[in-house]
Amino acid sequence: MTGAVVRPLPDPHAFLARRARWSAPEILFWLSTLLPFWLFPDYLSLASQIAVWALFAISVDLILGYAGIVTLGHAVFFGIGAYTAGLLGKHGWGEPLSGLLIAATAAAAVGFLISFFVVRARHLALLMITIGIVFMAREAANALHWITGGSDGLQGIRIDPVLGRFEFDLWGTTAYGYALAVLFVAFVFCRRLVNSPFGLALQGIRENPTRMLAIGSPMRWRLQQVFTFSAGLAGLAGAVLAQTTETVSLESLGFQRSADVVIMLILGGTGRLYGGILGAVIFLVARDQLSDVNPRYWYFWIGMLLIGVVLFMRDGLLGGLSRLWDRVRGRGA
Amino acid sequence: MLTTLAGVLFDGFAYGMLLFLMSVGLSVTLGLMNFTNLAHGSFAMLGGYVVVVLTERAGWPFLATLPAAFLITAAVSVVFERLLFSRFYRRSELDQVLVTIGLVFMATAAAAYLFGTVQQPVQVPSFLRGAWNVEGVSIGVYRTFLIAVAVVIAVVLVVGLETTRLGQQIRAAVDNQRMARGLGIDVDKAFALTFAVGSGLAGLGGGLAVEWVGLDPAFGLHFLVYVLIVVSMGGLGSIGGSFAAAVLIGVGDMACKYYVPELGAFLIYALMVLLLFLRPQGLFGRR
Amino acid sequence: MLRRTLFGTALAATLAAAGAAQAQQTLKIGVILPYSGQFADLATQLDNGIKLYVQQNGDTVAGRKIEIVRKDVGGIAPDVAKRLAQELVVRDRVDVLAGFALTPNAMAAGDVSEQAKKFMVVMNAATSIITTKSPFMTRTSLTTPQLNDTLGKWVAKNGGKRAFTMASDYGPGHDGEQAFQKAFREAGGEIVGAVRIPVENPDFSAFVQRAKDSGADVVYVWVPGGAQPAALGKALAERGLANTGVKIVGQGELTSEEALKSMGDAGLGIITAFNYDYTHDSAKNRDFVTAYRRAYNRNPDLFSVGGYDGMHVIYEAVKKAAGRTDGQVLIDAVKGMAWESPRGPVSIDAETRDIINTVYIRRVERRNGELVNAEIDRVERVKDPVKAAMR
Amino acid sequence: MTIALSTDGLAKSFGSLAVTRQVSINVPQGGRFALIGPNGAGKTTLINLMTGLLKPDGGRILLGGEDITAAPAAARVKRGLVRTFQINTLFLNLTPLEAVTLAVCERRGIAGHAWRTVGAHRDAVDEAFAILTSLRLGHDCLRLTRELAYGQQRLLEIALALATKPRVLLLDEPAAGVPRDESAELFSAIAALPSDVTVLFIEHDMNLVFRFASRIIVLVAGGVLTEGTPQEIGADPRVREVYLGNRGHLPATGSVGGGHAHG
């Protein structure tokens, strides 16, 4: 600040535009999601379920990674979406796209109701409330076995071909195409959301709630909004799974699923949308491979991976990668 | 009618005591050290396996295996505390949750590998079996034994934390680490000891639980939820709170099952959600 | 539906072509079981049964070498089960789908069996309707109503008048409870009370107290295997129900080997209906138990037998089909098949493709210092009553 | 002269400790008031009460004549009552540009918009950038807040407050921890605020207080000891006694001397 050199002021618009623009690695990534159709045609079923989990993980990232609400109960909405889509398919409404929308709406509606309980609590109380809700939901679904099929699972779901043309096949070609398309569309929405003023407000809440109050932000309302949206997305993921597998079980709204999705997200890295996708890929591929090596004890290695990531890569694998990338580029410059 | 109620109350109280034994250690470590240890249930499982192995394979008498369950679990937990958990005292709650969940996965798989997936039976001595009949109310001997152990532990803990030098050091270390260090208190040691005692109690609880609820590799995860409910409802770090919440859950659970079985476990979860919504710090929590 | 069928045919043709290319080489069996998680022990025992059969009968049948591909489904997870079944069919190109410990998983995989026209052998899952999911499916375990219907009739015939039922509050528990209640009523008994128990239930005192208070002379219990039978036994002992002359009856898991160990004398006198126990007295079973013990250092149970017989069915069907493996040929080969199992004579119902076996009524007794399930009666050639009633 | 902010018998206790005792003050519109007092006098508590972070046990708070005692914190900000924090309370992982833009968006009521990107709200971004530039943060506004120098972070505190277009601005030791030469600069920025903005600031540096305050309120042990112009306060022996002790002398207005009363 000697005043000898007059530094030009940076251009804020260029900066923000750059942030929001689709970067080359992003476009490459999405193009590469089409590769399995040709490279791994035997793995399309797995790929379709990875896409479902990725969507689920992104829904959790919105509230955990962006808004800072820790939850171990998000499978409630996944399950509601799955059951809604499944029940529609069972009772003659086999058209998949409208089924998706109805399922997501149902999940979002329940999410809105539950948001009143969630946005007030913090720390252990928040964790326990979310855990409590997921167990209650499971008990309720079991008790309503004449609707849900109880522990035998929902049977007799029939889903029409997508757009009247693409039938769900054994290889999972349609399933993967369908799940990928839904994932991509939802991702585009989420990407716009996190780059919008609303997304900025969410990050503000995560970073510093006191400051948010001081700039006059209606925080609880914002949290309720994002929680509702996230619940809808989770419901969407559940609906895709129900439609592509034509089956729903009680476990789709269980605690295990809630915990698994958080683990995926942490493995991949929170607060970046892509973390959820990467985490889903790693978790499910690792599970597929490890359980082929040893179907009985593979959870041991998942546990170890989790401890390793939390211990050594605080912002997940994606965070670790991006730091590595920065370092490489920094050295290059 | 009254004898039924008395029976339900007794069984519920005994069940509550079992929950208290398994959860009080977590309440202490969570409340005093601010460390969310989801592997607590796995330490209870370890205590269970100690009891089973020593009675069934080494032929020890049941009562002699209980102190062993406490000591071995405590010793193992200190190793984890020093090597792993202590790095997480300043990290976020989520990180703590995840690292300990990772440990639960590993412990479950390891138990399946070492002991198989089968239910482990344990034979308690004959003087702990059976029941007395008091005015038509059936009073289980083993349950009475459990209650006695739990009450003794509760008293020892309260007195220990309030009056002994170690207890004072621990509380000082927790209230203000820097000041405690300044006074020459070895804070690390105090934390390690607290953790050992807390986990040791889980081991003891696990050892005592085998006779009642059985033992398999899924034990750690299965009881984790109940343990967390007791701790969060009781209020962190409050021994009296854990005791009260454990009794509430135990009796409530038993009474629900007897009088409204169709609601299942739903009521317990609903009760917890409602309580934590209205009183996030729990019944006896300070924060 | 038409489109689905056409598609299935086309698919099956493709797969059959692919399979034909492989013929004379290996016979691939895809086994889907919950190797990890809370049902892991069940999977272990079932898998042991599979391994023992292969060990005893060689790994080549009708000129084809057996290759088993194992997949862990991790618990109740029909979405995963279905995906694994798809992958086994399209990626691993298996000839037979097998395993299936849990009903929802078996049902989900049934879709794949139907679509791909794959022979499928359910080796444990016990809900009646499973076998209706695919015309290429058979079962070598049992059905829940098979046991409980038989038990209900037997109890009513042998002096039971007023029964109280308690059953785990989920699918299999409901099946067992309903079969028992129906049969018991039809045979002249009265149900004086019923209670459903939460599935994850560690303590039974309250329920046993209710049963005791109901004034029933028979208490019927349905709980899943694992930790619960032992816990129930302890509650029974503490409430002294047996001392009051009340009969405790239930399905065989209630008095499994492990359950009896931790129940101790509390288990004495419990009457159960089951299709297999390692103490069953036959030459075939003695050899089986000896071999099993030598290999795995523990006693076999119904899961082991389900796996063992399941492999028998696969071997025999492939032999009969002279090495051909398309679903229709194999399922046709299985219909009406009868053989001597460690559990006694069994056969496959030609119409329903479901198992027909003997139901043993056993009472817990102390023999040579050990608690065992002593056979006191038997009902032979029992078919699944639900599917019998459907027709 | 209209009263912008006033309290009437405001009281607050933590357990048996009364931290605010019957505080009644009136700050006219456009006033530049300083709030001084020894550590523990309850200055920050008073600001917390006025902004709604704490609930008073008794008394009323009026903003432009309207009772806001029961209004939630965010609603008070919407009405123009805004504060800064003694300890930096910032979004460490956002850039100053994003942070201030967020504050602008919240004020304009567009922070709930979720479809168009932040950059598409050009007016808001321009306004935020202008505020940052006016506080000489323009050059560094694209770095992460956590990477800024401490003095810059203090300025960002003020920038965030300004972005809400305050009518009444409560500054809690805005220059705390800032080197002397920079703190004068910082206060110059405050002095340059539009004259209709009312300012109440807590400050320990008596030079700054006497240079920038039009009136001074002295708070001791939770209650108002006295209030007056800098000259009156400087001449008040009670203030000298309780606040400055016998350690030094009060400076004449705007002259040197004094300094931090407490370290």
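Miscellaneous remarks
Per-chain numbering from 1; labels A, B, C and D assigned in written order.
Just so we're on the same page, contacts are C-beta pairs under 8 Å (C-beta built on N, C-alpha and C of every residue); 3 or more make two chains touch, one makes a residue touch a chain.
Treat the numbers as computed from the prediction; the structure is a model and nothing was measured.
Contacts with chain A and chain C are shared by B.
Taking each chain's centre as the average of its CA atoms, chain B and chain D sit 49 Å apart.
Chain A and chain D have Cα centroids separated by 42 Å. Separation between the centroids of chain C and chain D, computed from CA atoms only, is 74 Å.
Distance between chain centres (mean CA atoms), chain A to chain B: 34 Å.
Chain B has residues 109, 112, 262, 264-265 in contact with two or more other chains. Touching of two or more other chains is recorded for no residue of chain D.
Annotation for chain C: residues 36, 40, 44, 169, 198 touch two or more other chains. Pairs of chains that satisfy the touch definition comprise A-B, A-C, A-D, B-C. The touching residues of chain A, counted against chain B in their complex, run 64, 70, 72, 117, 120-129, 131-133, 135-136, 139-140, 142-143, 255, 259, 262-263, 266, 296-300, 302-307, 310-311, 314.
Contact residues on chain B toward chain A in their complex (touch as defined above): 30, 36, 84, 87, 93-95, 97-99, 101-106, 108-110, 112-113, 225, 228-229, 231-232, 236, 262, 264-266, 269-270, 272-273, 276-277, 280-282.
Residues of chain B touching chain C in their complex: 4, 7-8, 11, 15, 109, 112, 116-119, 121-123, 129-131, 133, 138, 140, 143, 211-218, 222, 253-255, 257-258, 261-262, 264-265.
On the chain A side of its complex with chain C, the touching residues are 42-43, 45-46, 49, 139, 142-143, 145, 150-153, 155, 161, 167, 169-172, 241, 245-252, 256, 291-292, 295-299.
Across the complex, chain A is touched by residues 3-4, 7, 11, 33, 35-36, 40, 44, 70-72, 74-80, 82-83, 86-87, 89-91, 103-104, 107-108, 111-112, 115-116, 127, 169-172, 174, 198-199 of chain C.
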